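Alright, structures below, take your time with them.
In what comes next, chain A is part of two complexes: it sits with chain B in the first one and with chain C in the second one.
Moving on to the complex of A and B:
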């Protein structure tokens, strides 16, 4: 990350939007329905509002860092040793998402789209795609996100609008049926994942117009909240809380029920294709940032080789969870903890230094 | 942005450049001698034994007389002009002229400026200049006692008339197309842009072909950095021949190994002129009936010249239809294969059953079925191009009716497949530019393989890779997917919905033109001046 590739505020917004929701987007309605039943959508809404503050914390730190790429800025702020140590820590945290994303992705594709294709084959193709994008650099990742966004939006709206006839607002009642506590509990399933927005620490230095960073972060939070709340409301209103809690991927089930007359029905492969894109962009970004941070730590010019190594390492690690249940546990346990550490604790630790002007002084 | 392709060695720009022989190192150049005969013999030696090379000695009847050697290549020179502009003025004089009385400091000036009736007279000092000029239709006059030769431009170009463009026919708008003659093409552009800001910067490229060309732009609109980049790329070329603009395109474009074209070309001078007015650069080349336009983006390949002449709602509709057609052409066969092979559940049971019934007796898997039909279609296209046009139509009928119908009757392919392949073929021809259509046709095959092996997942992976590469490539340094990625909101409306002429105030933002505005804020001023805002005209005379 010694040299900067530039992204614009719109691209920053999209990269955050692609990064945060894709880990839990498919399974969130199920988990919220389990915890908060019919009030799950309120948890999604409240969690997203709080999530903005988590994102804002990382953005605040990023904007107060000394100028230059993240490793250089951290070294300037904390000294060479601690700067590299924080970079390494961040790289390890980001790396921990990569095998998990691989596995979440592979399992979902296996269940929703290609049941007879071995997981390893799916992941190899996924890794090749990611390596191509990572090889082409940050600008290309950001542009791909922009190019795919209209398609994504179109399909998402199509599924939501297509599912409208299935929905009944009666299924969302009673409001606050189980009191406030389950809603707050549900919030804890949503807000921590905004910690994945720690990528803004590494992205904001590449921003062409840093004055617009807050606008990008605010809009990204708004749209992420819209997605979380939208899929939860749609699932709960279509299936009710009990059934939503029992289906592994309620959003996929929703897509399955959408039909164009008697011509095409069961849209879940199309929905999976759309989800594929969001996971693909997110994982590429994670691999890219991890590779760049590691390259800076080990004083390597060629981050691409490191990215290839990261992908090779992630492949066997993706097979560690023995079954789908373990993947869910990792999603809502391990990933949540890492998100809190990297998205809340780390920025909170760095923030005082940015106000003090760094340990160097 | 670097793509994973090896780069060739970096060439030293100060090396010999074929652009202009006069750019050679001054020490390598050979000056002409004072003896006209020696110079003429040297030229003959350099040209070699050529039947169309002529050398003639004549004595100019001035006082004192001047002996001159005239050299020219008959096939490249206009004999009428030669007679009118050189021979008669030099030889036919009613009274003898005295050299001393003629204005001019040197002999070459006295003869060149006063006795030769042509505006295209150049003075040459070096052998390489003489050689270059004679092969460009120049008549060389060596004067005894002078180290300077005269070159008179009398080029004769075998030229065809201006005809309608073949690939870019339009119902509305002009019906003129570029020809192979550079000067005609320059005139076609100039007659559409009558401004002193229009610049034609000439260049010459090719060691053997010495093809002339022109970089065309409008000063004060085109970004100077872009013009300089075009100059730099052309100046650095060191090749034997550049037969056509398509070769030049491959030599100067950013990613020549890609299937996606990153430079736009047109046969239409009106489209070239409107591109220049947008702030782009045009490159004209001798012997080429097309004009290169740079930079270009992905969406340019879905626009036609006619878009400017049609009413905007219809243009918007056509643009959306063309982009959809491009997508259908590329993805439809692969999606058919994927759905019939992997995702039967997506189809309603009656439709799935009817497709299954149609394919019941077909001995091949869906992939082979589609692949073979697409291959046959490509053969029909190629045969149609190679054959003379009356027979070409027959090939179309044979391909469409006989092969399609016979293949279905013989149960080699299913009827629904013929429909899919036909739709995909028709859609591919809706993509206006041939090079783009070629890319779509070529990519269809690997995408089909992905669909056949990995279903919609494979198609998605292929789409992701194609989009990634398209997002990475550039056209003269400008992102190929702009104005969508990176986003230029002001230009976005022109992407699908061409704005009305009276609303298209700004030039495309991504071109970063010097002058951003295209027209006044209020174009239809007659509506706003208050005199007659409704434009009502009373014809009754009351």
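Moving on to the complex of A and C:
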């Protein structure tokens, strides 16, 4: 990470948009329906608004860091030892998502579409795809995000608009049925994941026009909020809270129930494709950033080899959760804690140093 | 590095076929209609109309000349659970896997529906292959007995039942109960499930014996929680649909002295308002039916604006009576299949909802019904033609 590849503000927005929602997107309506019942969508909305501030914290730190790639900037800010230590810590945190993302991907494909395909085969294919993208570097990851985005948007709109006839606003009532507390509890299932936006620490230094960073972060938060709130409203309005809470992936079920007339049915492959693209780009970015940070810590030139090692290590780790419910626990327990540590605690620790050192342009 | 990557990618190609989940079409046995009954021993009897692919492409004429073999056959399997019945026993009997993606109708036998709806709901919620368009029906009696009937109107039984439901629902005599509709009704607080029922009917074909037998929709069956609790006649079902559903083309026959006027309802607007004071609930239903005159049967005086106004008024009275009868029946059965409870719950909070104890209170809730009828169009003719 000693040399910088350049990305533009639009690409930054897309990379953040792909990174934050994909950990919990498919399962979120279920968890919110369990906690806040019909008001789950309010938790998604409020959580996303608060999430903007979490994301903004990382962006603020990134914009106040000394110039240059993240490891260089951290070493300039904190000294060589602590700079490397923070890099290593960040790399370990980012790495911890990688096996989880592998397993989330494999489980969703197994449960949603391919029950008989072995998980190991799915993960091998997934890993090889990721390695290919990571091998080509950050610019290619960013360009892939740009290339896939119109398809993703089209499929997403297709599913949401197709689900409109299934929805009834009556099922979202009573508003505030159990008071405010469950809604606030529900936000804890949304806001922490914006901490995954800590990737901006490494991405903003690569930004071609840093003045537009806030615009990108703002727009990304807006779209992430739209996705979280949209899928939750759609699931709750179509199925009601009880049914939504009973299925592992309400969004996939929603896509399955979309039908145009009696001749186009079952949109879940469309939605699965959308979700796959976002998981694919997110995991690739995480592997890339982890590889780059580790390469900087251990003074290695070849980050690609490290990325291959990361993927090989992630493969067996992805099999650690014994079943699907354990995966959910990791998604909404372990991943949440890591997101808070890396996305809130770490930037809060770094922030005073950036002020102490002054802004270096 | 590039070369080794290329080799790696080539090595992966054989894995990309997705063979594990591939199912060859010739290994599948498509099921079109499924009947579920409970046997006295407690086992589940599953009757299936399995597609006979060889007969599917035979034209109707050659089929009747060759003895009239149908493109499906009836088969039964038994098991301790639904899934065991068709997964284990069906495959053992037929050598092929039963496939449900083309399933058009599921018929629940009366005995099964009485206490086993939750078991059925669980299967409906878990089954991957089911289409969202699959219709659910109740059977008056055993589902198996209805599955034995071979309606002559169509060669494919599933298409016949599906078409029967669609058209009968359009004229407003049966509700639609697809898998998502049933699962939502089952799980939404303040709403009970309502499912159309199938029964045997006669076609009145003179001297054709067995061919006379057909299937018809006789109204709906309703539930209280997961227990079946009663039948609705077509008119009582229509009373329910006036308040909740969207019948596309319902017809009301209005008596105007000596004449009968067919009022074709084309647009329905409705408003249901709960009024809660303390723990007592009162409900008001306001409805407006707009439509056109489809037929004036019988002779009478000049057709003018006052005549249309009177037709609208009398049609409104007719609709109001149907709605009131249905509400009275719902309260007598203690089953809020109309979904008033859902609206009441939506206008309050969950604590209050628990205090209201809706299932206990519903039979005594006063419901005020107001209906307005409006003839918007005369149809393609205004006056009745008279001989000179």
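The rule is short, and it goes like this: the second predicted complex is superposed on the first by the 357 of 361 C-alpha atoms of A that agree within 3 Å, B and C clash if a C-alpha of one lies under 4 Å from a C-alpha of the other, contacts with A are read in each partner's own complex, and residues count from 1 in each chain.
By definition in this document, a contact is a pair of C-beta atoms (placed from the backbone, for glycine too) under 8 Å apart; a residue touches a chain by one contact, two chains touch by 3 or more.
These numbers were taken from a predicted model, which means no experiment stands behind them.
Residue contacts after overlaying the shared chain place A:276 against chain B, while chain C stays out of touching range.
By the touch criterion defined above, A:157 reaches neither chain B nor chain C. Touch criterion met: A:247 reaches chain C, while chain B stays clear of it. With both structures placed on the common chain, the touch criterion links A:133 to chain B but leaves chain C unconnected.
Using the contact criterion defined above for the overlaid structures, shared-chain residue A:176 touches chain C, although it does not reach chain B. Within the superposed three-chain model, A:118 lies in touch with chain C and out of touch with chain B [touch as defined at top]. After overlaying the two complexes on the shared chain, residue contacts for A:239 are found with chain C alone; chain B is out of touch.
The contact surfaces that chain B and chain C form on chain A in the two complexes overlap at residues 113-114, 117, 121, 125, 128, 132, 135, 259, 262, 265-266. Only residues 8, 10-11, 109, 113-114, 117, 121-122, 125-126, 128-129, 132-133, 135-137, 139-140, 142-148, 150, 259, 262-267, 269-270, 272-273, 276-277, 280 of chain A touch chain B when the two sit together in their complex. Considering their complex, residues 1, 5, 8-9, 12, 15-16, 18, 20-21, 125, 128, 131-133, 180, 183-184, 187-189, 342-343, 345-351, 353 of chain C touch chain A. Every residue of chain A that touches chain C in the complex is listed here, in rising order: 37, 113-118, 121, 124-125, 128, 131-132, 135, 166, 170-171, 173-174, 176-179, 238-240, 242-243, 246-247, 256-257, 259, 262, 265-266, 304. Within the complex formed with chain A, the residues of chain B that make contact are 1, 3-4, 342-343, 345-348, 350-351, 454-461, 464-465, 467-472, 479, 481, 484-487.
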